[in-house]
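Labels run A, B, C and D following the written order; every chain starts at residue 1.
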Amino acid sequence: MDAKELIARRVAQELKDGYLVNLGIGIPTLVANYIPAGIHVYFQSENGIIGMGPVPESGMENPDLTNAGGQYVTALPGAMAFDSAMSFGIIRGGHLDVTVLGGLQVDEKGKLANWMIPGKRVPGMGGAMDLVTGAKKVIVAMTHTAKGNPKIVKECSLPLTSIRTVDLIVTDLAVIEPTEEGLVLREMAPGVSVEEVLKQTEASLIVPETIPKMRVG
Amino acid sequence: MDAKELIARRVAQELKDGYLVNLGIGIPTLVANYIPAGIHVYFQSENGIIGMGPVPESGMENPDLTNAGGQYVTALPGAMAFDSAMSFGIIRGGHLDVTVLGGLQVDEKGKLANWMIPGKRVPGMGGAMDLVTGAKKVIVAMTHTAKGNPKIVKECSLPLTSIRTVDLIVTDLAVIEPTEEGLVLREMAPGVSVEEVLKQTEASLIVPETIPKMRVG
Amino acid sequence: MKVLSSKDAIEMISEGSILMIGGFLGCGTPEKLIDELIASGKKSFTVIANDTAFPDKGIGKLIVSKLVNKVIASHIGTNPETQRQMIEGELEVELVPQGTLAERVRAGGVGLGGILTPTGVGTVVEDGKQKVVIADKEYLLELPLRADYALLKAKRADYYGNLEFSLTARNFNPLMAMAAENVIVEVEEIVPVGSIPPDSVHIPGVLVNYVVVGRCE
Amino acid sequence: MKVLSSKDAIEMISEGSILMIGGFLGCGTPEKLIDELIASGKKSFTVIANDTAFPDKGIGKLIVSKLVNKVIASHIGTNPETQRQMIEGELEVELVPQGTLAERVRAGGVGLGGILTPTGVGTVVEDGKQKVVIADKEYLLELPLRADYALLKAKRADYYGNLEFSLTARNFNPLMAMAAENVIVEVEEIVPVGSIPPDSVHIPGVLVNYVVVGRCE
């Protein structure tokens, strides 16, 4: 299983029946492929729909039906379309059960930076600040390091997305939960040692006595 | 022509083609009966519709279609229904061309009191404060006096509806326009003398040299 | 979303809760839920609603049955019993301009900390409220409203709980569907998923907790 | 409402105006109006929009054609030309969280003086903004946005200008229809009054100034 699939499979385990879920671009998008059996979740796309379905077959595209990445999607039976104020009303009003986003850095306090690298890449925050500030549960899905550099750091050097502490960090090495006491190492990827996780993590981690294997469904 | 019809007919002369209009309960409601020929106006009812039509024939009532007074109405072709936030978004956002309301008092500065008599009648302001504060043009349609007492006063003794100066006052005796300089007597009802208007008005009135008869279409 | 009998729905409600109830002078009010609430004998509620309707209709019946300790509404003029209880000191009434009430409920539902409005500036409505000056214009800071339960009326729901409202029965219903911990909706019928097209759904089913069928139980 | 050719519609627009343009990565953007604006050679516009789409699509084409001096948007990451012009100092970019952008446009349309949001607190978004503390929680005071012209895309209009949007092409369009002095809407077809049922109209025709038919002119 490659790193991205592992992360997506693990995140999918956090979803419960009836949840309203928003998936960011990149690894988070893959989560839709691994929803546990018997569970029905609703996907919101912040450009204005709940009940987004998969990419349409060629020739079946509707120019009025795209996802937040601008790609053609479909709408499942029971879907609902709405304007941007309603879409973010749902997000900011605390009605979104889970948002899964990519991350550039998460710090020891569980704060996320994921929207810009000053002087280098300034795409804009899009809906990220609203999602992290407003969702009931925020899951960061990202590779543990970038080009060998730890992404879980003592303090974010990149601009924060929100001062809200995220709820869970899922990487290709571990599952880490920010708590009042600090970052707790909750699960380890198959074949990964505690030493390796600590080595690849700049932030201090609280390491419980027993750490189960990552649940990947 | 009775006093109410005279007032309603005169107010109707202020409406222009394409206007969005909100009529309050009482005399203002009658204005709908006297829209000048060749003019199409849209009536908004603040409970959530533009394109409200007349009272339905008996047996044709729809329990989901009422006006702001709770009476059954109809919807004309091209009508639109919306929620209360949109309804007052239209009103407060300056999209309503004219609101016609009844009045308890209007003072020398053109400020209106029309929603309560302390200790006596406290129905609540409903949409009146929003309408007077937000509409492009506010027309007060009321009898000139109540039980012989002037309703156009030096200063409102009743609680104000808004600090916004109304645009026109139409009574059974006269048409009066609040201006920077004060209340100006613009038109006189048929058979009414300037002396009588002044006698029935507590506020000072600016009386131009010539005062035309009230235009009643 | 779960379908319940009106009895089971009302069963869940604790005495003394804050209730948001949809409707405008009874149009768009869940009459069956109201009757069931009265039958339950529970009391001491705070009711947030546009108005208190008429003594024999909608919210008016709750007032007459003396189940309500406090009302937050824009208008109580059509229900003499509300006025009587208020004057006698049996019922606390907070009067809010209708547009401000809509925005406060909306703010509660979409996660705003407050909104700034010119409605009410310079009137009794401003008492005790913070004022903010922007570009030389004064605004009142109005705070969000939320409730423990929303008791709403929609035309129909599908099996996911997606709601469609009808004409002026829409009014405060969709706003309240976003501003309460528990959303209970009385509908005339439940239709198969997909029966309501995506652009015709007014409130997504994921925001709806319980549906009660009002007509054909 | 008046039906115009795209050429006559663009004719009205003054150089240097503030334009709100609907769409999300090009979905729901009036392409014909965009092309006509480019053909007109007018420039120095401020554009308020969710994003700057792609270099060959929607608002992206305006950027590539260098007609824009300033952009207020939530995301510019899909258009490298926007980033290049920004870095070179040719284009001013104000980045706004998407939910805040929606609320600011809405506030401009519905007459609010501002809204309080937790989104952006403790991030670079708070720079230069007033903070308000309510019940020990910090909020940013975000101000309304308005424009001289709104260039919008709807699925269809009736002869009154009533608009119906389609699926995710709705996005910012209805919000912008309320927040501009002049509202110009590109539609795919114009249908007889009454063809769009009252509950399916998203924006009432009285808010629409001009309609341009985008497909079959």
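One rule holds for everything that comes next: a residue touches a chain if its C-beta (ideal position, glycine included) is under 8 Å from a C-beta of that chain, and two chains touch if they have at least 3 such contacts.
Just so we're clear, the structure is a prediction, and the values are computed from it rather than from any experiment.
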Steps in the shortest chain-to-chain touch route ending at chain D and beginning at chain A: 1
B-D compared against B-C, more contacting pairs: B-C
Separation of chain A from chain C, taking each centre as the mean of its C-alpha atoms, in whole Å: 35
Approximate Å spacing (C-alpha centroids) for the pair chain B, chain C: 29
Chain centre separation in whole Å, for chain D relative to chain C (CA means): 32
Residues of chain D whose C-beta touches two or more other chains: 103, 106, 110-112, 117-118, 165-167, 170, 198-199
Where chain A touches two or more other chains, by residue: 49, 75, 81-82, 85, 88-89, 92, 134
In contact (per the touch rule at the top): chain pairs: A-C, A-D, B-C, B-D, C-D
Chain B residues touching chain D - in the complex, by the definition given at the top: 18, 20, 42, 49-51, 75, 77-82, 85, 88-90, 92-95, 134
Chain C to chain A touching residues, read off their complex: 106, 108-112, 158-160, 162, 178-179, 193-194, 198-199, 201, 204-207
For the chain B and chain C complex, residues of the former touching the latter: 45-49, 62-70, 75, 81-85, 87-88, 91-92, 121-130, 133-134, 159-163
Touch list for chain C against partner chain B, complex: 24-28, 50-51, 53-54, 73-78, 83, 86, 95, 97-103, 105-106, 117-125, 155, 165-175, 202
Footprint of chain C on chain D - complex, ascending: 103, 107, 110-118, 132, 134, 137, 139, 141, 143, 164-167, 170, 198-200
